[in-house]
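You will see two complexes here that share chain A, one where it goes with chain B and one where it goes with chain C.
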Partner chain A sequence: MAARTGSNNAAFVANWAARMAWLVFAGYFLYAASHLELTPARFLSGLDHAGKFLARLFPPDFHRWELLAKGMLESLQIAVLASTLGVLIAAPLALFAARNLMPAWATWPARAAMVLCRSFHPVIVAILFVKAVGFGALAGILALTVASVGFLGKLMTEAIEEISLKQVEAVRATGAPFISLVTYAVVPQVFSRFVGFVSYETDANLRNSTMVGIVGAGGIGGTLFAAFQRFDYDFVCAIVLTIIALIVMGEVLTMRIKKAFRV
Partner chain B sequence: MTSARLWQRFTPAERMARFTVYFAVVAAIAASLQTVQVIPEFISDAPEQMADMLRRMWPVAWGFYPEGVHEPLLDSLHIATLGTVFAVLMAVPVAFLAAKNVTPFAWVNYTAKVILVSARSVNTLIWALFFVAVFGPGALAGTLAIAFHSIGFTGKLLGEALEESNRGSIEALQAAGAPWLAVALKGYWPQVRPAFWGIVLFRWDINVRESAVLGFVGAGGVGMALDTALNLFQWERAAMILIAIFAVVLAAEVATTQLRKRIL
Partner chain C sequence: MQPAATALQIRGLTKEYVPGKPVLSGIDLEFAPRGITAVIGPSGTGKSTLIRCINRLVEPTSGEVMFEGRDLVKLKRGELRAARRRIGMVFQEYNLVERLSVMENLLCGRLGYVSPFKAWLRRYPQRDIERAFDLLETVGLAAYAHARADSLSGGQRQRVGIARAMMQEPRLLLADEPTSSLDPKTSVEIMALMQTLSGMHAFPVIINIHNVELARRFADRVVGMTGGRVVFDGSPDAITEEHLKTIYGGEDWLE
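Coming up: the complex of A and B.
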C-alpha cells in the first residue's frame, strides 16, 4: 500500500483555501444570525403561531370575488401596459447602446440610463411615482416600465452586440440609409430572441404587478394588503391562490408563444 | 398553377400561430388601454410634482447616515445573505427531487415542481406579509421571506443543471457500489458546481435589492427607515437612504461580477 501514501495519488485532494473560506463564512453566518436575533427559540415560538395562522387561512373565502376579479384585472392591465411601454422605450435605447453599431458618445448615456433603471427595486420606484402621479394604476405602470427598460435594455443590447456583421456590411454596401440597415440587417437577426426576452419580462411584470399595490400603485396588492391588515386571512388565501393560478397560466402561455416563434 | 414552388420560411400552421399571437397581443394592449383607470389630471400634474419632490430632496441629509442608515443597511445585507443561505439549504433537496434523472418517479418530480412554482409565484413582499403575521415584525420574517421566495428560482435552475449532468461518472460510481451520498457528492456535485455558484451569486445579487424593500411591510432592514422618512415627509433623509441603497446595489453587482470571474 506504499503507493497510496503519496498525496499525489489521492483521488480527492483537500483544498485548504476553500476549507478556510467555508470556516470564515460559517463564522459570519453565526455572527449575522445572532445580530439579527434569529434564534431557534424565537423560531419555535413562531411555529406555534403558524399553526393557528394556517388554520385561519383555510378554507379560502371566494365570497368577494368581484373585488378579487377587479384587482386581478388591474394587475393584468398594469403588466400588459408596462411591458408594452418598456419594449417601446428599451428597443431604441438598446440600438443606441450597442457598441458594434454606435459610437461611444451614444452608447455611454444609453448604458447609464439602463443601469439607473435597473438599480432600484420596482417598489421603491413605485413609491416615487405614487408621489408624482398619485395613487392608482398609473404609478404602477410607470414603475414597472422603468424596471422593464432596465432589464429588457440590457438583454437587447447584448443580443444586438452578438449579431453577425456580414449582413450589416452587405446592406450598408448597397448604400442603404440607417433605418433600412436596422430593419433589414439587425431586426431579422434578433427578432426571435427579442420575443423571448419580452415574454420573460411580461412574466416578471405580472409577478411584480401583484406587489406594487402594497405601496398604493394599483392592482391586487392593495386589496391583499388591506385584507392582511383586517386579519381577513381566508380572503388573503383566496387572493394568493388566484395569483399563483394566474402566474402559472402566464408561464404556460409564454411557453406556447416561445414555441410559435422558435425561440 | 405556378411552375416553381414559392419558398416560404414558415409552414401555414406556424404562420397561423404567429398571427394569433400578434392578434392577441394587440387585443390585450387595446383592451388594457381602454379600461385602465387613469386620471388625466394626475398626468398633467406629474412633472410639477416630480420637480417638487426633487426640490424637497435637496440638500441631502448626509449627516443622517451614521445615526439612522448605517445599522439598518447592514441589517438588510445580513438578511439578503442569510436568506440566500437558507434558500439554498431548502432548494437543494427539492432540486434533487425535481430532476428526472436523479429521482425516477414522475409524481415526485411533479410535486417538487409544484413546490418550486408556488414558491416563485408568491412575491417576496407577500411572503414577508405572511411571515410578519406569524413571527411578528423584524428581521426573522424578512430572512424567511427572502429564503422562501428564492427556493423557486434556485431550485428550478439547480434542477435543470442536474438534469444536464453527464451520466458517465455517475454510472461509474454506481457500478462501484457507491452509496447515494457518495454519488451526490462525487458524481453530481463536481458537475453542477460552476452552475451552482453562478446561481447562488445571481440570486444573492437579486436578494440584496429585495432586502431593501422588505421594511415596507415591517420585515426589517433599511426599508423601515425609508418608510419612516417617507411617512414623515423627511425627503432629505429619504434621498440619503436612496443614495445609500444605490451604492450598496452597485457594490453588490461589482462584487458578484468579480467573484463570478474568480470562481467560474
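Coming up: the complex of A and C.
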C-alpha cells in the first residue's frame, strides 16, 4: 500500500479556532483570579475566620421560635400565593404566545411580557415592589408572581408548541368553539407537563420566598438578616435549619402531588 | 342531475399553496345524497387537500363548495363552525386526543353543540351520552368507554374515530385515507363499517384511498385524480387498466 502523504489525507482536522478559544478562556480565567485575589493564601486566611463563625452557629437557639414560626409561615404563604397567581397568569399568556395556535399579533406581545418578567432577578424585582407598594409580604408576593409568570410562561409556551396538531385538527373539524378546542385538544396534551413545571416553580418560590425578606418584602428573610446583623449566629443557625426542613418537606410534597396527578 | 338530488357540489375548486403552482386546478364534482365515493390517485395529487378544502381545514384559493344551500368557501368563522358540525371527518392516523378516554373522544363530536363551560365540566346532555354508548356498541367497543385512547390498537382507534364522526350526526362524511395505517384485514373491517353506517344513515361519504381493490369493493363511485385534476369519474366496474395507467402513470406496477 502506498504511504499516504500530505495534509489532505489526515484522519483528523485540527480545529485552530477552537484551540485559540480555549487559550483565550484560560488566559482570562488567570487574569480574573489574580485581579480578584483568588489566591491560596487569601483562601486560608478566610478559612480561619469561617472556623470561628461555624463554632458560634452551634448549638442552634430555638428560644425565639414564635418569631421563627411567624416568618416561616409568611414565607410559605408568599410561595403558595405567588405560585398560584403565577400559574393563573402564565397559562393563558402561554396560550397567546404559542406560535402554532396564535397569529403573530398575539404571540409577540405575550412573548415580550414574558421576557420582561424574566429579565431581572427576583430580588431586584422585590426591591422595586418594596419601593412601589411598601414593606411587607405584598411586595414579596408580587415579586415572586412576576418571576413565576416569566419562568412558567416560557416553559408552558414551549410545551404547547410541541403538541400534536393532528389532534387539534380533528377537534377543529367537529366545529368546536375555540375554548373547547383548547380544553379538549390542547390541555390534555400538556397537562401532565404543566403539573411538573408548577411543582418545580413552587419549589423555587419556596426558596426565593425565604430570601425576598432580606430586602423587606416579607417572610423569614427579614428575620434572618436582622439576626445576622446582631451577630445572633445561634438564631441564624436555627433559621437555616428550619429553611432546610421546609425545602425538604416541599420536595416530598411535590413528589406526592405529581403522583396524585399521575405524571 | 336535479339540484335536489345533489348533497354537495364543488365548482372550480382551486388550491395553490405556492402562488402559480396549483395543487388542485378547477375541480368540478357533484355528490348524490347517499353512497360511497372513493377518490383514488397517486400521493401528492391533492386528494387530502380536496377533502380538507370541503370543510376548510385548508382554505381554498378559489371556487365554490355548495353544501345545504350555502357556499362553504364564503362562510365567516361562526357560520363555518356551524357548518363543520354537520360534516364528520375520519383521519389516516385517527387523530384521537390520546390522553382522553374513548368516551371523551366520542363526545368531542358534540363540542360544536355544547357550551365550552359545560363541555369542560363534562356535562353533556343525556341524549348525547346515550348516543355515544349506542355507537360504541355499533363499532364493537362497548367495553372500552373508559379506556384511554392511546391504550387502543390501530383498528380500535379508527373505530373510535368513526364513532366520533358519527356523534356529529353528519350530513356528509369525509375520510382521509382511513385504512392506510391499518393491516389488510382491519382495513376491510373498517371499510365494511363505513359501508354499514352510510347504508343506515342517508349521507354521502367521500373516501380518499390508496388501495384500488378496496375502492372497487366498497365504493359506489370512483373518482380518479392525477396532477390536481379529475381524470376518471364513474362506477367501480368501469375502471380499466388503461384508466389506472392514466391515473397513476406507467404500467410496470400493474403486472
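What we mean here is this: the second predicted complex is superposed on the first by the 240 of 263 C-alpha atoms of A that agree within 3 Å, B and C clash if a C-alpha of one lies under 4 Å from a C-alpha of the other, contacts with A are read in each partner's own complex, and residues count from 1 in each chain.
As a convention for this text, a residue touches a chain if its C-beta (ideal position, glycine included) is under 8 Å from a C-beta of that chain, and two chains touch if they have at least 3 such contacts.
Please read these numbers as outputs of a predicted model, since none were measured by experiment.
Once the two complexes are laid over each other on the shared chain, residue contacts for A:Met211 go to chain B alone; chain C is not touched. In the superposition on chain A, A:Ala176 contacts chain C only, with no contact to chain B. Between chain B and chain C, it is B that contacts the larger number of residues in chain A. By the touch criterion defined above, A:Ala185 lies against chain C but remains apart from chain B after alignment on the C-alpha atoms of chain A.
When both complexes are overlaid on chain A, the residue A:Gln167 reaches chain C alone and has no touch with chain B. Contacts of A:Ile243 after superposition on the shared chain: chain B is touched, whereas chain C is not. When the two complexes are laid over each other on chain A, chain A has no residue in contact with both chain B and chain C. Chain B meets chain A in the complex at residues 14, 17-18, 20-21, 28-29, 32-33, 35-39, 42-43, 45-46, 49-50, 53, 75, 78-79, 81-82, 85, 117-118, 120-126, 129-130, 133-136, 138-140, 143, 186, 209-210, 212-213, 216-217, 220, 226, 230, 242, 245-246, 249-250. Chain C meets chain A in the complex at residues 55, 57, 80-89, 91, 93, 95-100, 104, 108-112, 114, 116, 119-120, 161, 164, 168. Within the complex formed with chain B, the residues of chain A that make contact are 12, 28-29, 32-33, 35-38, 42-43, 46, 49-50, 53, 73-74, 76-78, 80-81, 84, 119-121, 123-124, 127-128, 131-134, 136-138, 141, 207-208, 210-211, 214-215, 221, 224-225, 228, 233, 240, 243-244, 247-248, 251, 257, 259-261. Chain A contributes residues 164, 166-167, 169-177, 179-181, 183-185, 188-189, 191-192 to its touches with chain C in the complex.
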